[in-house]
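One structure is given below, represented as structure tokens, and several questions about it will come after.
Chains: A, B, C, D, E and F, in written order; residue numbering restarts at 1 for each.
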Amino acid sequence: MTEPGRPSGRAADALRRVDIVTGFARHAEGSALIRMGGTEVLCAASVEGRVPGFLRNSGQGWVTAEYGMLPRATHTRGDREAARGKQSGRTQEIQRLIGRSLRAVVDRAALGEMTITLDCDVLNADGGTRCAAITGAYVALALAIKKLRAANVLKGDPLIGQVAAVSCGIAVGVPVLDLDYAEDSGAEADANFVLTASGGIVEIQATAERATFDEAAFGVLLGLARIGTAALFAAQQAAIDAA
Amino acid sequence: MTEPGRPSGRAADALRRVDIVTGFARHAEGSALIRMGGTEVLCAASVEGRVPGFLRNSGQGWVTAEYGMLPRATHTRGDREAARGKQSGRTQEIQRLIGRSLRAVVDRAALGEMTITLDCDVLNADGGTRCAAITGAYVALALAIKKLRAANVLKGDPLIGQVAAVSCGIAVGVPVLDLDYAEDSGAEADANFVLTASGGIVEIQATAERATFDEAAFGVLLGLARIGTAALFAAQQAAIDAA
Amino acid sequence: MTEPGRPSGRAADALRRVDIVTGFARHAEGSALIRMGGTEVLCAASVEGRVPGFLRNSGQGWVTAEYGMLPRATHTRGDREAARGKQSGRTQEIQRLIGRSLRAVVDRAALGEMTITLDCDVLNADGGTRCAAITGAYVALALAIKKLRAANVLKGDPLIGQVAAVSCGIAVGVPVLDLDYAEDSGAEADANFVLTASGGIVEIQATAERATFDEAAFGVLLGLARIGTAALFAAQQAAIDAA
Amino acid sequence: MTEPGRPSGRAADALRRVDIVTGFARHAEGSALIRMGGTEVLCAASVEGRVPGFLRNSGQGWVTAEYGMLPRATHTRGDREAARGKQSGRTQEIQRLIGRSLRAVVDRAALGEMTITLDCDVLNADGGTRCAAITGAYVALALAIKKLRAANVLKGDPLIGQVAAVSCGIAVGVPVLDLDYAEDSGAEADANFVLTASGGIVEIQATAERATFDEAAFGVLLGLARIGTAALFAAQQAAIDAA
Amino acid sequence: MTEPGRPSGRAADALRRVDIVTGFARHAEGSALIRMGGTEVLCAASVEGRVPGFLRNSGQGWVTAEYGMLPRATHTRGDREAARGKQSGRTQEIQRLIGRSLRAVVDRAALGEMTITLDCDVLNADGGTRCAAITGAYVALALAIKKLRAANVLKGDPLIGQVAAVSCGIAVGVPVLDLDYAEDSGAEADANFVLTASGGIVEIQATAERATFDEAAFGVLLGLARIGTAALFAAQQAAIDAA
Amino acid sequence: MTEPGRPSGRAADALRRVDIVTGFARHAEGSALIRMGGTEVLCAASVEGRVPGFLRNSGQGWVTAEYGMLPRATHTRGDREAARGKQSGRTQEIQRLIGRSLRAVVDRAALGEMTITLDCDVLNADGGTRCAAITGAYVALALAIKKLRAANVLKGDPLIGQVAAVSCGIAVGVPVLDLDYAEDSGAEADANFVLTASGGIVEIQATAERATFDEAAFGVLLGLARIGTAALFAAQQAAIDAA
């Protein structure tokens, strides 16, 4: 299954090159700098011994995320959100998605009343930053939990699954895996899949950008996402084991 | 296909009662007060003869949406966003979704350099407010365009499709259509489908809340959404015709 | 006393048609949708078992109000205050007035350490929204207190008076009652009166818009306000009794 | 007409000592530091050769005001509004009132497309700051217009009246003039009157704080305000003449 | 050492006329209105019996400052920061500098868990406002501490030094002391020195505006600052003794 | 000149290891990732063909900077400024300093009406981030100008000097160069020097943290800064030449 017409020359079901470097954020309890082609996201896990108000005295922990993009991560410089005085709707949407995705693989009772915050900051952007953020944040989270367990702060293992994300889309009429910016900006449809290593679906966000699509096309996209996340799960595990 | 256990007593594939009252916002170019069970959203279309900066001199129009919830639309009073000084991430996420959904059925070149803003304000909330907003906003938009065409402001018809939205979910293990608040807050998974009358998929947002789901379950949810939107398309058309 | 020249054809001392529908906000402890001609305001009372910091441990309760206007309640769409990130000076001025007006008829010691918030949201605007908000909010407040007394949460009755508001003005040289938008926007002077059923004055806000006025003219306006509020007190009572 | 019981020992119809020092703000086109007893407000008029958007090409000018209070103008330090990031509702209400009051004595067509901004900053507060601000701002405005006329920037005289303001109230059952903070904080009712030298009423804001009042009491308050403003008009004129 | 070319005609090492009036802010625990030529800053010290969170239960007090400028303190009117909704970077930089400068002469353990806030508000600006603010704030602080000691709230003396500030600069090639606005706006370099009466350096902020400078020139500036602060220390002490 | 007691074991006049990697921000016209020991700052230069309003039609360009710190660049996670909705006073102070420092070596007339923005984002913090940002931003700026000249967008060379910055301080009584976080947080005094390769002083910011210092000590700090910047100038030049 190949498609000669992709701008990158990749086969329709081929991921970009993936690298995950752990420990980049020196002070963080766990961190991963993930590169998927030209997209580069620094994910850092911070552990705090308290939870938001709505969970106090619940015995349950919290996992949340914040997302940002350096002003010149993109082709033309964007406003700095801190200077503008607010996060865009897109930023908030993405950080909510990252948080939900990670909470899907965490047993919050086993975590206890602690908060783990995943900061996902895009250093270079070339499409697929939210998916890279989820995939990298999982590694940072796993490393932070590993450290807490090694220090005996946690007795059990709150990590109950492995999660990764990838984007698929329909470009020039063809379903393709892992779009870069050039491909994404002209795609007819765009879908982000957050999946688990055990075969579960955590989140689907599919949007028709230029033309609606049907059930069959959607099925192909989901199939591509399964192929892509299989490779990502392996890359995550390798990075965690090597850390 | 019935499920005796739904809190509302509805069959698994049964919508709540739907009413669409047009003309409620007296000054708007088009408006619809949509009720789906206990959820009530006032949708008003406002037409302005200018477009955002990025479309100036493009010959293309813009369709956008804003969403709000009255503080006491819910069981317990929520903060007024105007008083807090910012819209929540949830609000921004929803209004971006409404805007994208409606743009999918508008030929923006045929609209010309005008902006139509859909204000969707929830007067009473009982689950499914974003879907009701999309379904009602379509009616408000169609009425505004009808008015512009009757006044010869528009020559052609920029409306190139019909769009509606419905939520489905998995509750107590069973896929069900159109969840109310009681059902939604305990559901294992929750999915919003934005579909067109001609069979296209505009947007899917599916989230595992308590347990991941698989391809088969997702297929059932999409099937329920097709059933639900079929009824909504009829209700929209009846309201537009009667206006 | 009639004036053939009013745009609405009403006599100088005639109110617009008044309707008060209770229970519109289903979750609120008390609510009233008040219509005065083309002006329509949804008033909802929310009860909370705590007070602002300055009243903690004082044994006294608090009654406050928030005011908003849907963006397309008006002839041309206004900015959404939540999107702009702040409430206008006009909004704040109005909600402070509503709160003061209601506190004038509440024995806050009898209320005890509870807060009742009146949300007044304008669905359709045609002049006189602040007065309609006060008149409707009184009904919502009375119903909420009735409910608290029926549930034995309150032993005594904190409601020690009945309050309503109406605008008067001088238009084309003639003092008139209850101005609509067309009349108000051209009036020489504009005055809002908040009065009690027992004959007390709670608040007067009179402003010369185009020409100053004198003591005599002011006296006539106050007389008209007494006429108008007499009818409003009756409408309020009827709505409360029927609820 | 005296009332031995006033905390200040003043007669019921006696103003506090009034001083108006012109030229305090050295760069302003006109300025007045007004002292009414322990209340001290610096009023500065700034002239700019442009108008807000809604008046562009209308041939009309604009007069507006901003109000502020130094954090330690009061008994206990208040928050600095610039640090908090927003002006309070009270501040906005007051600055809107000052602007309206001054516009009532300006012929905006004779002013032409210029904006005069009156900055009223409270250096020391002891009650009645909004009334002192209006009275002082009139002097600053008159001096700025005098300067513009002397420089032949203005041919005609846009100043068509003289305006001043004073507060009255009912304290311990007795109507009194010009309340200081101690008297105001315990008063049953409080009213601010903005009046013109030619006998016109510009604005009335009367509020029942602890007990409602009636038409007769209100009439006495208005009479006291006439007495008080007569003295203020003389003080304003003396300051302007001496400048 | 004179320089005929200074716009003010002053010698290169001459301060502007300095006046310090105490007690201007009537409610403040200590206050000083300092005038240095055409620059006038009102400094008020407020004492509160609590400290910021990071010092709670530390036994240490806190001294901090806020800075503001009235909109028409300057040649052309500036925006009111409270209306714009935020303090400028310049304002924050200055108020942080004032706070640090005063903390350098306070033994915070001897102060105990109290906060003294110095509000420095510029009424008229003609250059050197931050230095005048520091010099005046020291007087306000000293008076507040004197009052606390007189009232036996403080047993020991937390004031362990005397601090003042002055600006120096290089204008038309010549190092000069205490620049006014006309001189400052054209200067090649500008330096603010915060020094103590016992010869210590608290803070230096030197900036090349138009041309870099060298070690020798810097030494001359520092020498001028010693001359200037000697006079300021005397003026401060005289004001404190006379209060 | 060595001091056995430095926590890092460095000599009093020894810099930390310096690395400058160019091209890290792939889309920027010039970029440098500078590491000084454990401090790591990504500096990116963005060129835009327009200037701020105050320079329009002046023929002059603008150079400005923005500074940020990733939330987990530090030992404990800090708030994300974009989420809090404003930049801290510290952030604004630093970005103003970076901008001034770079403008000191740019001929803005030779630049013409273009803006170059330097984004300096701290990825890892271990003291001295503002100085590292200035030193790295110079490299990013020089590369961006080199690119503009290679593309013939610029005819002349607007870069008229070379600037770098380093911090010095007095720790345990000894003047030392280039403090890391551990050393800085306990230092008695802290000074940042921005110097040029040709011997000019651009900016000095010296602060007594725990004890004031005198002229002699200050002279030693400035001497250390000259030693440190000499090495930084070489590192900058090597990075630029190798790019």
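Everything that follows uses one rule, which is that a residue touches a chain if its C-beta (ideal position, glycine included) is under 8 Å from a C-beta of that chain, and two chains touch if they have at least 3 such contacts.
Labels paired with UniProt names: A, B, C, D, E, F = Ribonuclease PH.
Predicted, not measured: the structure shown is a model, and the values here were computed from it.
K.L.:
For chain B and chain E, which third chains touch each of them?
P.N.:
Common contact partners of chain B and chain E, which must touch each of the two, are absent.
K.L.:
Taking contact as defined at the start, I'd like the list of chains shared as neighbours by chain D and chain F.
P.N.:
E
K.L.:
Quick check: superposing chain B onto chain F on C-alpha atoms, how many degrees is the rotation, to the nearest 5?
P.N.:
120
K.L.:
List the centre-to-centre spacing of chain D and chain E in whole Å, with centres computed as mean CA coordinates.
P.N.:
33
K.L.:
Roughly how many whole angstrom separate the Cα centroids of chain B and chain D?
P.N.:
51
K.L.:
Just how far, in Å, is the C-alpha centre of chain D from the one of chain C?
P.N.:
Going by mean C-alpha positions, chain C sits 28 Å from chain D.
K.L.:
So which stretches of chain E touch two or more other chains?
P.N.:
85-86
K.L.:
What is the shape of the graph in which nodes denote protein chains and edges denote touching chain pairs (line, ring, star, complete, other)?
P.N.:
Its topology is that of a ring.
K.L.:
What is the order of the chains around the ring when you begin with chain B and head toward chain C?
P.N.:
B, C, D, E, F, A
K.L.:
Can you list the residues on chain A that touch chain B in the complex?
P.N.:
Touching chain B from chain A are residues 86-87, 89-90, 92-93, 95-96, 100, 104, 161, 191, 196, 198-208, 211-215, 218-219, 222.
K.L.:
Where on chain C is chain B touching in the complex?
P.N.:
Interface residues on chain C, with respect to chain B: 24-28, 31, 38, 42, 44, 46, 48, 66, 68, 70-77, 80-83, 85-87, 91, 117, 119, 121, 123-124.
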